[in-house]
Amino acid sequence: MALKKEHRIGRHATLLVLTDDRSEQEQITNQLNWKSCSGKVGSMESQKVVAAIETAAKQQGIIKDNVYRETHSLYHAIMEALYGITRGQMQLGSVMRTVGLRFAVVRGNPYEDETEGEWLAVAIYGTIGAPIKGLEHETLGLGINHI
Amino acid sequence: MALKKEHRIGRHATLLVLTDDRSEQEQITNQLNWKSCSGKVGSMESQKVVAAIETAAKQQGIIKDNVYRETHSLYHAIMEALYGITRGQMQLGSVMRTVGLRFAVVRGNPYEDETEGEWLAVAIYGTIGAPIKGLEHETLGLGINHI
Amino acid sequence: MALKKEHRIGRHATLLVLTDDRSEQEQITNQLNWKSCSGKVGSMESQKVVAAIETAAKQQGIIKDNVYRETHSLYHAIMEALYGITRGQMQLGSVMRTVGLRFAVVRGNPYEDETEGEWLAVAIYGTIGAPIKGLEHETLGLGINHI
Amino acid sequence: MALKKEHRIGRHATLLVLTDDRSEQEQITNQLNWKSCSGKVGSMESQKVVAAIETAAKQQGIIKDNVYRETHSLYHAIMEALYGITRGQMQLGSVMRTVGLRFAVVRGNPYEDETEGEWLAVAIYGTIGAPIKGLEHETLGLGINHI
Amino acid sequence: MALKKEHRIGRHATLLVLTDDRSEQEQITNQLNWKSCSGKVGSMESQKVVAAIETAAKQQGIIKDNVYRETHSLYHAIMEALYGITRGQMQLGSVMRTVGLRFAVVRGNPYEDETEGEWLAVAIYGTIGAPIKGLEHETLGLGINHI
Amino acid sequence: MALKKEHRIGRHATLLVLTDDRSEQEQITNQLNWKSCSGKVGSMESQKVVAAIETAAKQQGIIKDNVYRETHSLYHAIMEALYGITRGQMQLGSVMRTVGLRFAVVRGNPYEDETEGEWLAVAIYGTIGAPIKGLEHETLGLGINHI
């Protein structure tokens, strides 16, 4: 049942959002026969962050958009990543702050045992701060869910 | 006032907890004249995670242990990282889960403008799950604070 | 001081929102000389859920709308029910989700001892999910307060 | 993708914890070829509530105890039900309160479309209050997750 | 329905915990025919803070200890004050911090209209910080409830 | 490292928002060579409360508006005060409530030891309630941060 060291899906998604050159991570994605997508979103509206990740994951085929269980799994992984991004209240503009974020979604099998099946990792990294350029610091979040 | 790209202190701390070979990151720490420390902690008691990070940061000279404002800054950075680790309620054993974590604390100046002074980044990465070996997935948290 | 088994006001309110035929519950309401009202609300805006319940309870005479202590009691009972509905952050549209809900408010005396006086129960049941028909699951919340 | 009216798994689990005579609900469980289990737990320690539900679900074969994805699904369904039970902070003894609870776990397929597969519902109902007999009111929580 | 300026019960309770000489406030308490009590508690265990306030309020006759609705009202007022004291997670020792607090409970009628009846105010003031003398700062919380 | 009794910055800020005649407190501000500002804000939008305090503190020179670390310190002190004001979810209009508030920001050195440097206290006091005049009660929050 153990996590396979080379299959740490959360670490993989995090490196995708942290590195400028994603080719090494994308090569691993391909070797493992995993799926991944990346994107960017900047907003004061938290729903736009959720929507940007959901849209990217559906359009790039990470999840099937007509199967609710896949949307449900992704939604909760995004929510969990947003706990890390927002640290206390899942609000942006309504507490006078804005974000500029990169995100990655990875779908794969992190466990040695095949019966554990596929899981999703959502990593988000960027800046959070006042709605004035430069008044901001880094922020990071990771969500993991079974699919 | 902008964040300096090569000085992204949160990204730096996160890479320290994600990479097996920390020598590259530690070289950067030295070049920038920053300070950093790393450690491990596994527990069902959330206070032990807090204590392990505080103790490491004090013993390795990242913060001065007799200056409260430094302890206060570190404490809130740890709390913010724990929001990412715990995602919803900052509890471990009391909601029947346990963690096995690596952490890194980095102290440095991430902004171009010198008047922005020093900041702390606390990154935590590892596994969270049921108190049974293998019933766990990855988790990650990052906290940033001015010092 | 004990709760009277036949006077379990929260159970009563919950059965009102779960059953298609409310006549049995409404008969109990009348026998006990309690007051109750029911209604429906669907929205992405959490304030509309609060407003719909408050309005129904005032218009149908469950609480007096010119006595603040009654509004205050109802408001906190609604908030407590919404913790169950939203499970983590009391937000709907701002985290990209919507609800379709039935609610019931019951006012009565659940305790054996008369000095315990009247209490309110707010039960809410329905679906929560993505703003796309069918991408949703059930959700339930119950709030209880003295009045 | 729609929820099937007769397959509302959350409503079913809630009726199991609310009714004194469970035979009607259990008959439905059997007809639909679903699985369900019930139990009781009283404690000031929140982890005992989690453990009681996990143990019952594993021992009665609702989930496979050696497959992490099933434990993970159940764990989050329990957590979501506990948001409804605790309404604000997932703590019992540490905020000086205790619970006496009944719970039910149901595993089944609530959606018309077969590709939506199996889901879990965890319903919890009982009393919460001061650690003195009678100083308590009702509380209810429901968690739903894909498995 | 308006709050009477001289009857601001929350302000009154807060001044009771902030002033070294409580005689002026206590004189007002008597003139208005209100009831109030004060006390101190220091602990790393959050339940001890709750218990200290409940015990003081019952022993000094602010609430009747055999009427649950009064205990229920006080409990929620204490919880609300603790949100201000703990600011994010209602935990002390489990996130490695301790408190040294003074508290006051006031029972009275803050509204012009008599039908608004009696309300409770719980004010708490003191220090919160690391479990090392001096590594602490001030903290304050206020809870208000109808009784 | 201890807090100096006459330098309790949080108590000072709280008295500034509670007293009608601020001259005594302002005299202390001047004697101690501290800085303080006060203001009022009423809104159903939480971001307006944040913005009003930030704007007042910058315009009246309590913090430097072009130094991010000062804005960051103030922002978190405001957030902490809002935990006390909102008690559970940092939302106003989205949970159908509104506030009428006075606030004070104080910058000074509360500790005996000079190396502890300057700290900020943000106190907020006023009413919270339904968006109908009079359906409201008092609320109070205090946030403290190093700067």
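A, B, C, D, E and F label the chains in the order they appear, each numbered from 1.
By definition in this document, a residue touches a chain if its C-beta (ideal position, glycine included) is under 8 Å from a C-beta of that chain, and two chains touch if they have at least 3 such contacts.
Remember, predicted model here, so these are calculated numbers, not experimental data.
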Give the fewest steps needed to get from subunit C to subunit E, where each step moves from one chain to a chain it touches.
1
Indicate whether more than half of the residue numbers at the subunit A-subunit D interface occur in both copies; give same if so and different if not.
same
In terms of mean CA position, the chain most removed from subunit D is F
Among the chains here, which has the CA centroid at the largest distance from subunit B's centroid?
C
Which listed pair, C-E, A-D or A-C, duplicates the contacts of B-D in over half of its pairs
A-C
Could you put a whole-Å number on the gap between the CA centroids of subunit A and subunit E?
43
Averaging only over C-alpha atoms, locate the centres of subunit A and subunit B and give their separation in whole Å.
20
Dist(centroid_CA(subunit D), centroid_CA(subunit E)) in Å evaluates to 36
Can you pull out the residues of subunit D that are in contact with at least two other chains?
1, 68, 72, 88-89, 91, 94, 119, 134-137
Which chain pairs here would you call touching?
A-B, A-C, A-D, A-F, B-D, B-E, B-F, C-D, C-E, C-F, D-E, E-F
Which positions of subunit C touch subunit F when the two form their complex?
45-47, 50-51, 54, 68, 71-72, 75, 79, 82, 89-91, 94
Which part of subunit A faces subunit B closely enough to touch in the complex?
1-3, 8-11, 14-15, 18, 80, 83-84, 86-88, 110, 119, 121, 123, 125, 127, 133-144
Help me check something: in the complex, which residues belonging to subunit E touch subunit C?
1, 66-69, 72-73, 76, 111, 115-117, 119, 145-146
Subunit C contacts subunit A in the complex at 88-89, 91, 93-97, 129-130, 134-137
